[in-house]
Amino acid sequence: MKVSIIGATGYAGAELMRLLLNHPDAEVVHVTSESHTNVPVSDVYPHLKGIYDQKLESLSDIKRIGADSDFIFIGLPAGHAMEIGRTLADMPTRIIDLGADYRFHDTAVYEEWYKVPHTHKDAERVYGLAELNRSKIKNAKIIGNAGCYTTASILALAPLVKEHLVDVHTIVIDAKSGVSGAGRSAKLPNHFPELYDNFKAYGVATHRHTPEIEQALTDIGGEKVLLNFTPHLVPMSRGILSTCYAQLREGVDEAAVTKAYHTMYDDEYFIRLRGLGAYPETKYVRGSNFCDIGWHIDNRTRRVIVLSAIDNLVKGAAGQAVQNFNIACGLDEKTGLALAPVYP
Amino acid sequence: MKVSIIGATGYAGAELMRLLLNHPDAEVVHVTSESHTNVPVSDVYPHLKGIYDQKLESLSDIKRIGADSDFIFIGLPAGHAMEIGRTLADMPTRIIDLGADYRFHDTAVYEEWYKVPHTHKDAERVYGLAELNRSKIKNAKIIGNAGCYTTASILALAPLVKEHLVDVHTIVIDAKSGVSGAGRSAKLPNHFPELYDNFKAYGVATHRHTPEIEQALTDIGGEKVLLNFTPHLVPMSRGILSTCYAQLREGVDEAAVTKAYHTMYDDEYFIRLRGLGAYPETKYVRGSNFCDIGWHIDNRTRRVIVLSAIDNLVKGAAGQAVQNFNIACGLDEKTGLALAPVYP
Amino acid sequence: MKVSIIGATGYAGAELMRLLLNHPDAEVVHVTSESHTNVPVSDVYPHLKGIYDQKLESLSDIKRIGADSDFIFIGLPAGHAMEIGRTLADMPTRIIDLGADYRFHDTAVYEEWYKVPHTHKDAERVYGLAELNRSKIKNAKIIGNAGCYTTASILALAPLVKEHLVDVHTIVIDAKSGVSGAGRSAKLPNHFPELYDNFKAYGVATHRHTPEIEQALTDIGGEKVLLNFTPHLVPMSRGILSTCYAQLREGVDEAAVTKAYHTMYDDEYFIRLRGLGAYPETKYVRGSNFCDIGWHIDNRTRRVIVLSAIDNLVKGAAGQAVQNFNIACGLDEKTGLALAPVYP
Amino acid sequence: MKVSIIGATGYAGAELMRLLLNHPDAEVVHVTSESHTNVPVSDVYPHLKGIYDQKLESLSDIKRIGADSDFIFIGLPAGHAMEIGRTLADMPTRIIDLGADYRFHDTAVYEEWYKVPHTHKDAERVYGLAELNRSKIKNAKIIGNAGCYTTASILALAPLVKEHLVDVHTIVIDAKSGVSGAGRSAKLPNHFPELYDNFKAYGVATHRHTPEIEQALTDIGGEKVLLNFTPHLVPMSRGILSTCYAQLREGVDEAAVTKAYHTMYDDEYFIRLRGLGAYPETKYVRGSNFCDIGWHIDNRTRRVIVLSAIDNLVKGAAGQAVQNFNIACGLDEKTGLALAPVYP
């Protein structure tokens, strides 16, 4: 399959190139960047020297790029992917958008949280979280790849919500991410001396991943979910740990909780159940497409606490995109993704 | 005043030495260590060379040390301070214990969580969190210095609980600490390559600071509090950020929440109210005795989210001990503690 | 080919498992550990869960392990590999030792620096640095895989020494390594809070990689080399940067230096010449088998300064071992090693 | 004494504020910033909230600021301090410039390396490195505070050069600094994810601190010194380690080297001689004005290797400025600087 990467100079774009290098069935035909047009990729990302030395193109001629590609991966700020989606609507090219433009059923929710008018409301689109939506992804024209925090959070809570084991009005998600999640543009808050040996929260009650998590959990449980999601910045490059809290319904015990996880995930290669009482660590998944999950029950407060860890650039972005690509192509889902985590 | 430090080679002991160097009214007369007896402090902590070159002694002769000292600071594992407290019970020496032995009203709670029998149950003791307990600290024989996570968490929630603005059954505290909180003994989980570029939780539903926070909040609000407290390890040396969640009572609005913080803390030098919508960062308080607090209200879920930051070795240990010492001596509370944070 | 890993629970052993997972022609049949016998690998290294869950064995039955294996990789402290080498001397099993036992022509040098008597002095052995020794590696029974600092340093200086462009008596190598190079055993100096936000040198004039570098450069240039090698510890997990200084011989200019690098390395896939005036960074090679090299000439002092970067666990250990394995098997040298660096 | 800080929003300016807070004889009367005029300092540096809330002014009215101040500290990019120096030439205000404008005897050297025309060539100025120049600093009108790398490097080598123990043509300085040395402006190379878990050199053979070190060593030894100086960026906030190499003159032994250090530095409070075979660490001096020095002799190569550690923002900038200020005021040199390092 011929694939192109639109917005290749963001961290997710670079990670896509890393992963696709080892994919036997994908050939990268175009890579684009508006800020570095005509420059070899390896000038912008010197770690790719000798591997990707091809020149970055502009997306101005997106129709030609689309015509050359079976799939395009898009890694652009909110509002841009939908323009491309509309432009390529009548072409056979399929789209995997790593941004948020195609993640919402209800584009009004998107517009409210992203402050951008949606211009492709009638797009046939599928929410790209393989473990929940595999069958729909198979034939989708447009896949709205799930976000990083959302992937970790939804996968952590899905079994509990699906089996109605928790009161969905009591969900609190306290999530922590490495700084690569903030992108590659240099700004004072992400200047090395400011963040190093430092820890902080941001986006309390306002982060855009909130409605995405709520949408997925509402879908799964059939009950409208509103929750608190609080992101934090960890002084490290990669990795997300999501700590999720919810009140157990009456009568729910450890066995029921544990069973829900096994029922839902035992056949999922990329989900590693660490079990009751376990502590996933972000380094255990670094560089890989795994999502590790452990759960705890506090009998004093009757709360369940779920911990999930992913690499935000892999299972939270580029790896998930390749997983969706594999499903959409009818390939083994692990193709190009059977990588061991990089430790230590 | 003559002071001695028992267990001087832990990180809190070293930090006490740093702070007391600049204290005009304290002279360090004895420093002890069982593992490094007869060795100069500056061999164990080379950063103190030229500053503290005196030899570490054994605490075997604690009576003599006590006789030489107006105050002793104790930084020992659970179970040891109470032995010293008993031994010095009839001497005028006053004690500030940086451990947990003297923190609990009900020693049964201590025994349950610390798995150590309490041998000094009738000790006259005061919980050493200055902002809550100033008047009792003044004349206390034994001060049970508040813990690190607990200081950050209690100070964050106290105004809300005091003014009955939140449902105390809904409190969740998600806290994150630098690794110095785990002490100085070398173990695989704290080996540099294991923790670096890594993030994880630990002690879910079992961490010993849980009952200490519950005790303080129960005292403040007059209603029995049970809550969830989850500690995490941040790949950095110092600093705690505590993210606290609670459901607002009906009718409580932003103004009421903000007022509660100002009413309780406007006269507190070491508490810096960052305000509604603010984000404290651990680096803003590094090396200082400040506790910075910001609060957020989510009208969608009717939750308040409070963020507090301290340096775990200062306001969470040695600085708090010096603050308590100042109060107990009738000195200005800021003596020796008017240090600007070390940034960046 | 069937391969076994002796001493699989060190960091180099874990990295070998990561790399061999993607090797189409190698099957890992035994993994050993004396400290964790009978425990699944993934209990010792949770990041390998679902990938390597086989049990660790003791090496006490090394003959059986040898009989089962075409190749064994050894990652043990100095003095142990030579025992295995002797035991398997008459079996067809081939050995790649990641330690130092088989690196020296003159075992007296080994004994002087490693303080261990050499018990396998007559072993037919080859120094395992592919770019220098490819043809001999092909048929070797025992390959003494080059060390981490040494690989970075030798590759940086080899072209200059080979073409006699520098005065070999003036060589100074100032090298910096991530902490994984110090191994996995927990000791105070490598305790997280001690090293974090800290930088230091160690082993000045005494580090064991010194004679290994001297041996290789002496071989290359035909002139006895004595040099200074100073290692430093960088507060990061992986990566080595080697900064090498030497006085240029009279008449040597930039063009001659640049030509020497291209002549020697233009056909080497794993060596990426960054060129004159370039700055390799350790992150550009992280997780990969590349060695990046840049060089600078100071006309004021007539010195050449060469910078080289490798991942100490890949090109400095496990990756190099796989590269040697590929050569020894007659496979394409890149097999299993065509991995893009993990960035950022 | 009334002091003002010109360019207060750089890291050195912030550090000056931290140190002056504890100085009993200095009152900060003006702080300036062209980019944040009229904004409270604590908005730009939230760690200073409650400590320095005064407003930043423009330096446009520098004459008035000068008239209000006994001393002004200047922390501005190259070329700006000399303008201020000229403007205040006839006023009694004394100047401590933390930049390079007043560091060079020969302004042609400044112009060559800094690419800025010098407009105050006849200024009476003194090189502000207290340990070398104390008597001249006492009455200086303008003090050109020594640079960060240079302070570490000169102090490390001065005794050897002074006593003619080394061949000055063989000096190589390999230095490593935390990222705060690069200043506070956000640029891609210093973006957190780019530098974290990464190590690199920069400015090989071209760094501006080279001629400053050469000037000082030439002064001390009376022999023209040309040397190599190579800076590196360590993924940490603060601290410099300088590793210095030189060939010993014939007949020079360990005793002579050790004696040179003691002769020169035994009475210096801020220099801590760690001794022969010792390893200074940057964390041992963090937050303090100390310079720690250790030295090693390699009898095989006849080289001496000297290691020195400072905090680049203290002894390398703001602390040195306060030390110079104390000397210039006739105060005890330690006033406001008797701070223990912040460890861990």
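Labels for the chains are A, B, C and D, by order of writing; each one numbers its residues from 1.
By definition in this document, a residue touches a chain if its C-beta (ideal position, glycine included) is under 8 Å from a C-beta of that chain, and two chains touch if they have at least 3 such contacts.
Here the structure is a predicted model, which is why all the values come from computation and not from measurement.
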Greatest separation from chain C - chain, by CA centre: B
More contacts between chains, B-C or B-D: B-D
Computed distance of Cα centres, chain D from chain C, in Å: 38
Centre-of-Cα separation between chain C and chain B, whole angstrom: 46
Centroid spacing, where centroids are CA-atom means, of chain B and chain D in whole angstrom: 36
Two or more partner chains touched - positions in chain C: 11, 178, 180, 193-194, 196-197, 235-238, 281, 283, 286, 344
Parts of chain C lying in touch with chain A, wherever the complex brings them together: 11, 14, 17-18, 21-22, 45-51, 180, 196-197, 237-238, 269, 272, 274, 281, 283-288, 290, 292, 338-344
Residues on chain C engaged by chain B in the complex (per definition of touch): 11, 178-180, 182, 184-188, 190-197, 235-237
Chain C - residues contacting chain D, complex: 170, 172, 174, 176, 178, 193-194, 196-202, 204-205, 226-228, 230, 232, 234-239, 241, 243, 245, 279-283, 286, 296-298, 300-301, 303, 305, 307, 309, 344
